[in-house]
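Each structure below is given as structure tokens.
The two complexes that follow have subunit A in common; it is paired with subunit B in the first and with subunit C in the second.
On to the complex of A and B.
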């Protein structure tokens, strides 16, 4: 059957529709806020002010966004190859091990600008290797990657718990975490950039990983749309049969894509571990891997969209925390509900309003939706 | 003048900016067979979908039996006595005929009385229209011709007075098609109205009383069939004169380019799909493989192109063997001069979500011409795509457009341009013009013959007998995985049709 809708101009596709989806999510969230007896408009003001109102808020928002950029990119790279990597969470978590080894070994001898590259390599490598096993099983044994990556999240969590209450825990400590890193493994903050614009920051964890995340976003764009490897990944992602026809090795492309995805997931660990906590603690990923799925979907798998979506989720995290603090009736769980609504409307129901908007566009200016022929089944 | 069964008055339908139907007026007389022809994308399916309630017209009026009708869903259409037989059957494969017939029309929870009623009704319908089918047979075990009969019975069971058939003969052997036509004539004699959508002009001439021609969303003409000709209809469809049969000179067959010996292929269930097939393909000739869809042609093509694992036999390309373990690298075969236009361009030959220029390098993306180190050389790829667009008159000529937005004919041209322009020694083509409009068919056929005249070896597999006959220098007929005969291009349709139906083969076996 023919696709009943024509194409939209890019600005509407990538700007207007997400905006409408987001607005609907916030309107529904507003009703939820009303339901618990608070004023939704005041809640919205607190949320936005909490995220962007003060320098500290902005820094926190961008700190969270950094984490989500990495996990979003990780999910997107796999998705372009037709693979649903649910294992970002576990790949990031286990990458903490690689960072721990580098930081604990060198933090007393090397300066941060030498430890950092080593830690980047270590985190990417461990994340990639953790993704390699499910990728191999998918490519060679046909074990579904969704199932195996979920299971590998649990395995990663168990390994990390074992290590953090055992071998990696300093003797005599009660906390399930490594010792605190020394200055040689502490990343410089970026708060001064925000202070350049005149805002004041008390203390916020925004660090150089944010820049690394932006560089990675650019590299992912380059990989997907400008390299032969990216071309092969997209071919396989859209049609494994076409990839077979084109002589693209299924095994090679699945394993490569998953390892890149795992490497990006692994780099996420740098941000909280070296940029903020300065130790590897239990559950430091705390769901960022799963948020990455929403970020990738909302960002339409495009690095620019992912950066924007990551900032949005960073705002929800930071503003949400302020909201929970300011309005006692709104608990932490309420924030999760709002985030869930955003995921629901921006991700799962992404196409809900599309037909109406397309009809609207077509009635305004038929040229703007310029499509030559109806595709699909012949007439 | 018979009373009109259906009148369509001023029907308009747009999808976005695309006006699929504009101001369509059509009157279909009761008790006649009315053909609707047109190229792909002319709006035939859209019009019928409006009539059957899949789409709503933007404006216009439908009258059924003289009364204005509002058809919002297929259920409304069924209630008005309109039945539809789809191109792709809407049957549940693992249900029996009877179960499929009552599906959606069942009246009781345990189906007991529904089934009893259906059985007696089916019996009556079968007798009345000569539509014999075993009511307890399982659909997937029936040949396509019978499955189609079940679709017709399904519509009649629901009280259809007006039957719409969408490209009904695409999957049938000539004999099955003849049988279908007999059934349609019988339906007509019983006072039913039949609407036949097709792009095969021969069928129109053979069976319809009236024919309407659509082009680019408009109804350009309605003719009494006996007062028109195939040439006139083709011209009306395309808007210009068309050569229905491409002229070509004698083949000058040279050395053997591709030698297939005792090739046997089984599918994933272990069923033998290609059974001990041997043939040679020489330089400067076109060999056509005829056969009803599903007789092993697809598997044969896939095995030769190294995509599918073959159990035994050998394929020699220019004297060197092709790896038949299913692990062959199609890229390596391309380097050796084997180009392949796959049957399924939507899922295999193209990536519909890609831009046109991205598809124009699919399979050749390892070629250093298109690369700069690990990066794609976008400038070179675009220049190359523009070049092919010009040479092959691919429309619209925008290499940045998404491939899904091209029409079937232009999509096929994208694939052909890609494969032919690599200047391969051997070109194997599956269904060169499936879903391709008449104007593009002519172009594609000319290209293939030009390849032949340059001394290339061309293997064509097609379910369109006309195409095979007009292109091929030698015709091989496949039935049940075997090559059951070889004929020259002068073979009659009847002769080939019998071979395709396996008649001669079975007689020989007895």
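On to the complex of A and C.
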């Protein structure tokens, strides 16, 4: 990917431009709020207060953020390798099956600290295996990974619905979900951390998965920027031809990247399933996989950016729930619009404002944008 | 005779269920043949369905509804074009964005304007497209074999159904027998060659996307104004993705697209019909299996086990004029 654009100072590249893109997304979202007949500024205030005003709000925000860190990392790992994993949703959904098997088998015998590692392995394994087939087809057969992962999302949904209305549903129950897990598969809450700071929490599902998510964010950073494998992945993502020339096996790198991506997607399921609902229910992922796309793009594929973007989206989710109480015209679906706008402006229209910023920088100090380089290319 | 009637019924609902797929699939054909991947078919159908039902119920006219569906759907197609042609953004990312904006805004605006939990008011007669009875359909109905085929299968659909099937030969003609079609296919295979010939790649691709928008507008209008008497949230329910699957299944050819959509529509119709009834030999087939079948078939096709699906060569790549 050669950028046809001149260089900007790093702070403008990684700070200013994403900020402008994001602001535009939120301004457009503000227009939608106005179209609905509400005041966008008041909506923003309610949203932020709902997310950070009370201890419970903060805990909920971080609970949602946990989910989005996993899915964001999943999308980012694949993206570093030049693959667009749109199948995070399905990989997380089907991973619920792995967790269900572990939890339903061991929740009466083992304590949580033994069930948890088993469930981590199971969820990561199932998620990775679900990503393996599209990865193999991309690497060996050249089937476009975006299409196959979309198809696999639907196949995963069909399988899970089949299992949850059939074999996994306890006899005599009407609800399409597994039986509730016993104490051996319930993860400890982390609400006490927020309470240390003097906030009161009534009940919030923030749990130990949050720490797991942060550990995974660190490991992903380590993988991408500090290991040979990560270097190979970035090389392939940057230029498949160069990677082939350097002797990097295309099949191996695609399959490895997708399986890591799938494993991270699968781990996302731990948070709602073991940390909150204590059962596997129909549609428990509810779009978190797709939020991961927005989170990854907004975080510019860097774990730190992803954690911050995930917290922002957690805030939108929690604050959005509060907003629905205050402004009945606005439901949580407002988040879906914002998510779409963020993907549009931070992803597809990433470079829209770049030429203007460049012109602005060039008018102040031609050196900072490397004018010679531009003239040299004859742009 | 019972079995015959059952078959007629299944085929009749096959036609009804495959129409939105067919319209969306042909829509995708225009943009993908021009080298623009369009994951956003789903979203464009959804906004089309919403705009159509909303306008029809406000202005009490099916035609205004259809016009609005097309207008809004084309507007979304142009956003896709603006991102992926003018600003050379990632086409898949842009398509995903459009799907989310469509899913969210139809619910929010529907709730704000009509206060019925994201639905639009139920459409009255005159606000939706009514079924057209062919001449003599009632007279011939009782004639064995031919009667039901004529009266049930061919007659008694809305104008949009006939339009959808008429679009198949029309699209074939446009793509393979007109200058515009030749250029459109060329721009999907080798945009540099088209550019060398002095034809604007961007404008050509924009025109292809406008065709896509018009057809997804029709598809959406069909969903909310024919199949259903009003808009229900998320009513496309993955049909845009099935249409995409059908497009690949059809190897980007219009007539094949019709058969692929009829096949996927038939699977849908059969799964509704067979719910709970055991079949000979295979026994009871679960609904979920039938629902997953189009996707499984597409993956198998993509894997190259049923022929090979080769997409337009320049698909997904933004065109950069050399400077």
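Throughout what follows, the second predicted complex is superposed on the first by the 349 of 379 C-alpha atoms of A that agree within 3 Å, B and C clash if a C-alpha of one lies under 4 Å from a C-alpha of the other, contacts with A are read in each partner's own complex, and residues count from 1 in each chain.
What we mean here is this: a residue touches a chain if its C-beta (ideal position, glycine included) is under 8 Å from a C-beta of that chain, and two chains touch if they have at least 3 such contacts.
The structure presented is a predicted model; accordingly, all values stated were derived computationally and were not measured.
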First, second, both or neither for A:172, with subunit B first and subunit C second: neither
First (subunit B), second (subunit C), both or neither touched by A:358: first
Residue contacts on subunit A - larger count, subunit B or subunit C: C
Which of subunit B and subunit C A:339 touches, first, second, both or neither: second
Contacts of A:232 with subunit B and subunit C, given as first, second, both or neither: first
Touching partner for A:198 - first (subunit B), second (subunit C), both, neither: neither
Partner chain in contact with A:247 - subunit B first, subunit C second, else both or neither: first
Common interface residues of subunit A - those touching subunit B in one complex and subunit C in the other: 4, 377-379
Residue ranges of subunit B in contact with subunit A within the complex: 14-18, 20, 38-46, 49, 54-55, 87, 199, 214, 305, 307, 329-332, 334, 340, 342, 344, 347-354, 358, 362-363, 365-366, 371, 374-376, 378, 395-396, 401-402, 404-408, 435, 437
Residue ranges of subunit C touching subunit A (in the complex, touch as defined): 37, 39, 79, 82-84, 87-94, 96-105, 107-109, 111-112, 118, 238, 241, 244-245, 248, 286, 288-289, 291-292, 295-296, 298-299, 302-304, 311, 320, 323
Complex interface listing, subunit A residues touching subunit C: 4, 32, 35-37, 84, 86, 133, 137, 141, 143-144, 146-148, 150-152, 154-155, 158-159, 161-162, 166, 290, 293-294, 297, 329-331, 333-341, 343-344, 347-352, 377-379
Subunit A to subunit B touching residues, read off their complex: 1-7, 222, 226-229, 231-232, 234-235, 238-239, 241-242, 244-247, 249, 358-359, 361-362, 366-367, 369-375, 377-379
